[in-house]
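The first chain written gets the first letter, and so on, giving A, B, C and D; residue counts start at 1 in each chain.
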Amino acid sequence: MIAIPLQHILIFSLLLFAIGLYGALVRRNIIGILISIELMVNASNINLIAFSKYTSLSPETGQIFALFVIALAATAAAVGLAIVLALYRIRKTVQADEVHLLKW
Amino acid sequence: MENIGSFIDMIFVTAKAWILALLGQFLPVWIVVLASIVISGVAILCLGPVIMMYLTLLERKVIGRIQNRYGPNRVGIWGLLQPIADGIKMFTKEDIVPANADKLIHLLAPIMTVVPALMIFVVVPFGRQMTAADLNIGFLYFIAVSSITILPIFMASWSSRNKYSLLGGMRTAAQLISYEVPMTLAAVPAIMMSQSLSTNTIVLTQAGSFGLNWFIFTPWGIVGFIVFFLCATAECNRPPFDLPEAESELVAGFHTEYSGMKFALFYMAEYMNAFTLCGIAATLFLGGWQGPFLPSWVWFFGKTLALICIMIWFRGTFPRFRVDHLMAFAWKFLLPLTLVNILLTALWQFTSASAAWLFSIMILAAMLYMLVKLNRVFVPEKRNYVLAD
Amino acid sequence: MVTANHLIWVPVLPFIAFVVNIFFGARFLKERAAWLSVATSTVACVIALPICWAVFRGAHFANDFTWLMLGTTPLKFGYLMDPLSATLLFMVTIVGTLIQVYATGYMHGDPRFSRFFAYVSLFMSAMLTLVISNNYLLFFMAWEIMGLCSYLLIGFYFEKDSAANASKKAFLTTRVGDIGFLLGFLTLFTAIGTLDFAQMNTLLAGHVGHTALNTGLLSMAALFIFCGTIGKSAQFPLHVWLPDAMEGPTPVSALIHAATMVAAGVFLVARSFSLFMLVPNVLPIVTAIGTITAFMAAFIALTQNDIKRVLAYSTISQLGYMVTAMGLSGLGAGTFHLITHAFFKALLFLGAGSVIHGTHVQDIREMGGLFKKMPHTAVTFIIASLALAGIPPLSGFWSKDEILLSAFGSGNYLVFGVLLLTAFMTAFYMFRLIFLTFFGQARNHDVHAHESPALMTLPLWCLAVGSVVIGIPGSPFMHHWFQKFMAEMVHYPEYEPSAVVMACSIAVAVLGITLAFVMYLKKTTWAPAVAKKFPSFYRLSFNKFYFDEFYVTYLIKPFHALGRLLFGFDANVVDGGVNGTASVTMFLSGVKQWIDTYIVDGFMNFLGTAVYFLNSVTKRFQTGVVQNYLLLAFLGFLVFIILELKLT
Amino acid sequence: MAAILVFALGVVTFRNLFHCALCLAAALIGTAGIYIALQAEFLAGVQILLYVGGVITLVVFAIMLTEHLAGKTVRQNNAQSLPAIVGLAGFVTALIALILKTPWPVTEAALKAKTSAMGLGEALMGTYVFPFEVISIVLLAALIGTVVIAKKDAPEERP
């Protein structure tokens, strides 16, 4: 009754993940990085649900973990943005490559 | 006699069924299904604007009475055609777009505002068997969709490059996020008791005994209802929670830069949200369309309009909050109260009635006392305001 | 309707009051703390009385749950409502509530008001637990908590050194007895394998006569348990703490050190009565201790001048009475006296407290002629004293008469005589106290006495009524109903009431009163004359038989000496060794330092420079830009994936 | 799906961060649609509620607080986009190959299995109660931490 075969969903989520990763790699703005990370998280969520839907007898399992992931992603976003704000307050910048104190 | 009553009760349903039957005579099934969807959709799409128009009229009338005026009474008898006139005016007005605004988003925002407001109508049970789509996650759907309404406001406030709009957007974000939490939590007891997220089931569980089974007639019910209603008032940015569009502080908040039909769309969305929120409040706690004697949809609209009148009455009565008070109220008062309320509901579920009443009243009293004690607003002797440079 | 299941609330309610007061009292409740405590104990009383009544009507409740398993034998906690505990419950709830009401007036305006009531509530809950407990362990826990409360409350005015010391003294002294008690019931457990009172009674009742049980062990257990009694209810060698305990606030003295806690010791004996009945050779010891205590305390009380100390010694001597009664296997008599004594002694203490509250002095030589100034206090005080002196038909007469009777009937004429003498002295010193305090003319004119508020006099009157009527159930009017009631629980010998005994006791009481009247109102010159006439006796009594001095000389001094000795050893020998080692170490470390600086450090510095050169190369990778790291990590991961795919 | 991908690309390529955020919102809503297609309605609801309602709002918030209104466009990408693209290409190809190669144990029974919000709740309170508790603690910690970090002069910043 489900039209989409599993492989398509997997590939789709893979692409989504790749795009997110690309964003996380090349974005200069820290907020941009966070956004991209949210994308990646979503991709993984799709996988969780898809697998639990297609292969497991109790689809709750995957959904619950997707639920946890969503919650944690929200948390991460909140904390990360708070950190970004603090950073902005101190350094007046949100560009990731302008914050490189952690080198020699 | 009662079959007439039932006929009036089911009049819309029967009408739809009749139309479908008619189509079924000479059309394939899938078209009939499509048609049923279309009919419901069209019904809602008409309902929304009409409701909005007459709510504006109602509000202006009631506010007028509160302020000892007549309100609109020139166009048509009792000014009944006033909304039409307004509509025409809105359409014919010039649509101004700021010079360096973010054109696309500035255009999208008003449209995007109306969409969720209309989408919510889907799960509102207008009467017996009159829920457009009885989703089994109806309430969650409602919360989710109404949470989307933040986005267009953001778009509006951001795209029209204007500091008042931006401030309005900020405030909206803070306020909506803050008040979503207690609103959801305040609705949880009703869901717990009816053990379903479907709005229809929630209404059905409150059936019987001349409306005494409405959730509002229980301690947790009354608390939940009050909190939910307050949060609803805040959610659709109505006074006394109308900081996002506080005339006296930010010109008109996030829709400062809008005019003509776009502005009208924002207005429409706001009123439709007010309607749906009141409808959901009635559904959750006032037993939705349940009620003796009268047809179900009359009951529903009666309750909803009553709630809306209370909202208007708020607007006529209360002064506006200060931002920090607003936040403190949400996070320090409503949130703990709702949490305790949920515990209370569990208690209610698992204890005998009399004891439950006793405990609930005691706990609630204690909680309110503590909250009021702890929320005493600290007023320093001398405030010195630092001017922004 | 109250049922036995509500009994559990009786101790719990005061405990709630304790928790609330101790945590929120100082901050939020302040003066309202008192009302919380009073309310809880009142409710406890209301719950308890119907149950007691049911028990008096012959009912019998017991309920328990397994707390833990000792090997195979379960250790059950629960409550046991038999005649004994019912009586005690009745007494404790009523007296406790009244005293707390009194205390709200007495402690008014005290900086640590709420804390006081927190402690009192804790004590109440402990005492009630002890009363209704059904096994030794629970009993012992409550017992210890009471000890703690007594410590806290005696030292309530801990700014005063005397109070602090007194509390320490009380705690340590009773501790001696408590250890005995602990050993006692552990021994009992090894002997009969249960700690449950009811089981113990049945078990032992079965074995009266033939000795299937190890009597030696049992008698040892009985002795140890009796140590507990000696400590808690201030019997002969360990009585020294009670007089000093009077440093605490007066309601505390009334509640803890007159009515309830000290009586707990006697209650303990009554609880283990079947045990004492079983082992033959312990009861004489009990009797002896009791009699000695009674006599000695009364003798000391003759010459004390502090109003509360007199009462304290009188308490000790009355406790001696009870213990004697127990020793003479007069369970009914002992318990009966315990109840009556609780009422009138609490009344006496409250009266004394009211006097102190009104005059702000405690030395009776400074009082006098207070009768007109504080009539309520005086009248109630006199009623209580008559009861204590044993004037019929007041309660004290009946109970004391019972004890004398059991002494007379069991044929211990020596004990009987001593007790009579004690009764005489009791009457004498009580009325010496009264005449010096309330009659005659005021000796110290800067004492401006005034009557206490109604909040304090009301409990006085309630207790006065109590101490008048409470004796009736044990009197011939009700055909010694009380004794029979007790006998239902554990059987013990009863004696026919004899007119001789009654006559003797009345006679000595009247004699004592008249003598006091003569010596302290009419011929005031006699008292010093007597003191001169028998200086040795006088000094002996005035210095309390030199008990404290004795303990100081033979227990505390040696400990101090030992401490000094050890300290000297420590200072000279040990420290000497330590210092020697230290100096040697110093020298060695000098050598080591040289090696460190020139060899080890040299090497280290060399390494450091080498590493520095190296890292000046490697640090290029550390750009500090997070995303570079991310990229590197990702590429590495990619490499792994590729390899993996190649391998499969 | 394609739309979602387009929006996702928008997320990573747009210069104006606000547009990125909006694209993200669109992508997330689309994902919710996919959840519905996978018969995880509850999760779809939660997705919209939490992401679009919460996270996006926060993000936009941060953007508004940090960006300058007049959208002066700074260079948004750093130097390593080329290696990233190359690596990602390899990554994607490899994994697609892997996905297509693997025989997935798709069972009809699994496809038949239905889920309901109630079942979800029972599982959450039953089997998975411990992770649930852990998550709650983490959330609490995050809440406090966020408030502490952002305390200075942005008191509205809340998760």
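By definition in this document, contacts are C-beta pairs under 8 Å (C-beta built on N, C-alpha and C of every residue); 3 or more make two chains touch, one makes a residue touch a chain.
On a predicted model such as this, the values are computed, not experimentally measured, just so you know.
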Smallest count of steps, each to a touching chain, taking subunit A to subunit B: 2
Chain-chain pair with the highest tally of contacting C-beta pairs: A-D
Farthest chain relative to subunit A (centres taken as mean CA coordinates): C
Separation of mean Cα positions, subunit D and subunit A [Å, integer]: 5
Centre-of-Cα separation between subunit D and subunit C, whole angstrom: 67
Where subunit B and subunit D are represented by their mean Cα positions, the distance between them in whole Å: 28
Residues within subunit C bordering two or more other chains: 625, 627, 631, 634
In subunit D, residues with contacts to at least two other chains: 42, 46, 54, 58, 61, 78, 80, 84, 91, 95, 158
Where subunit B touches two or more other chains, by residue: none
Touching chain combinations (by label order): A-C, A-D, B-D, C-D
Subunit C contact footprint on subunit A (complex, rising order): 21, 24-27, 33, 96-97, 100-104
Residues of subunit B that touch subunit D when the two form their complex: 100, 102, 105, 135-137, 140-141, 143-145, 147-148, 150-151, 154-155, 158, 161, 163, 166, 169-170, 173-174, 176-178, 180, 195-197, 324, 327, 331
Sites on subunit C touched by subunit A in the complex: 615, 619, 622-627, 630-631, 634
Of all residues in subunit D, those that touch subunit A in their complex: 1, 4-5, 8-9, 11-12, 17, 20-21, 24, 27-28, 31, 34-35, 37-40, 42-43, 46-47, 50-51, 54-55, 58-59, 61-63, 65-66, 74-78, 80-81, 84-85, 88, 91-92, 95-96, 99-100, 104-107, 109-111, 113-115, 119-120, 123-124, 128, 131, 135, 138-139, 142-143, 145-146, 149-150, 152-154, 157-159
Residues of subunit D that touch subunit B when the two form their complex: 16, 18-19, 22, 25, 29, 41-42, 44-46, 48-49, 52-54, 56-58, 60-61, 64, 69-71, 116-118, 155-156, 158
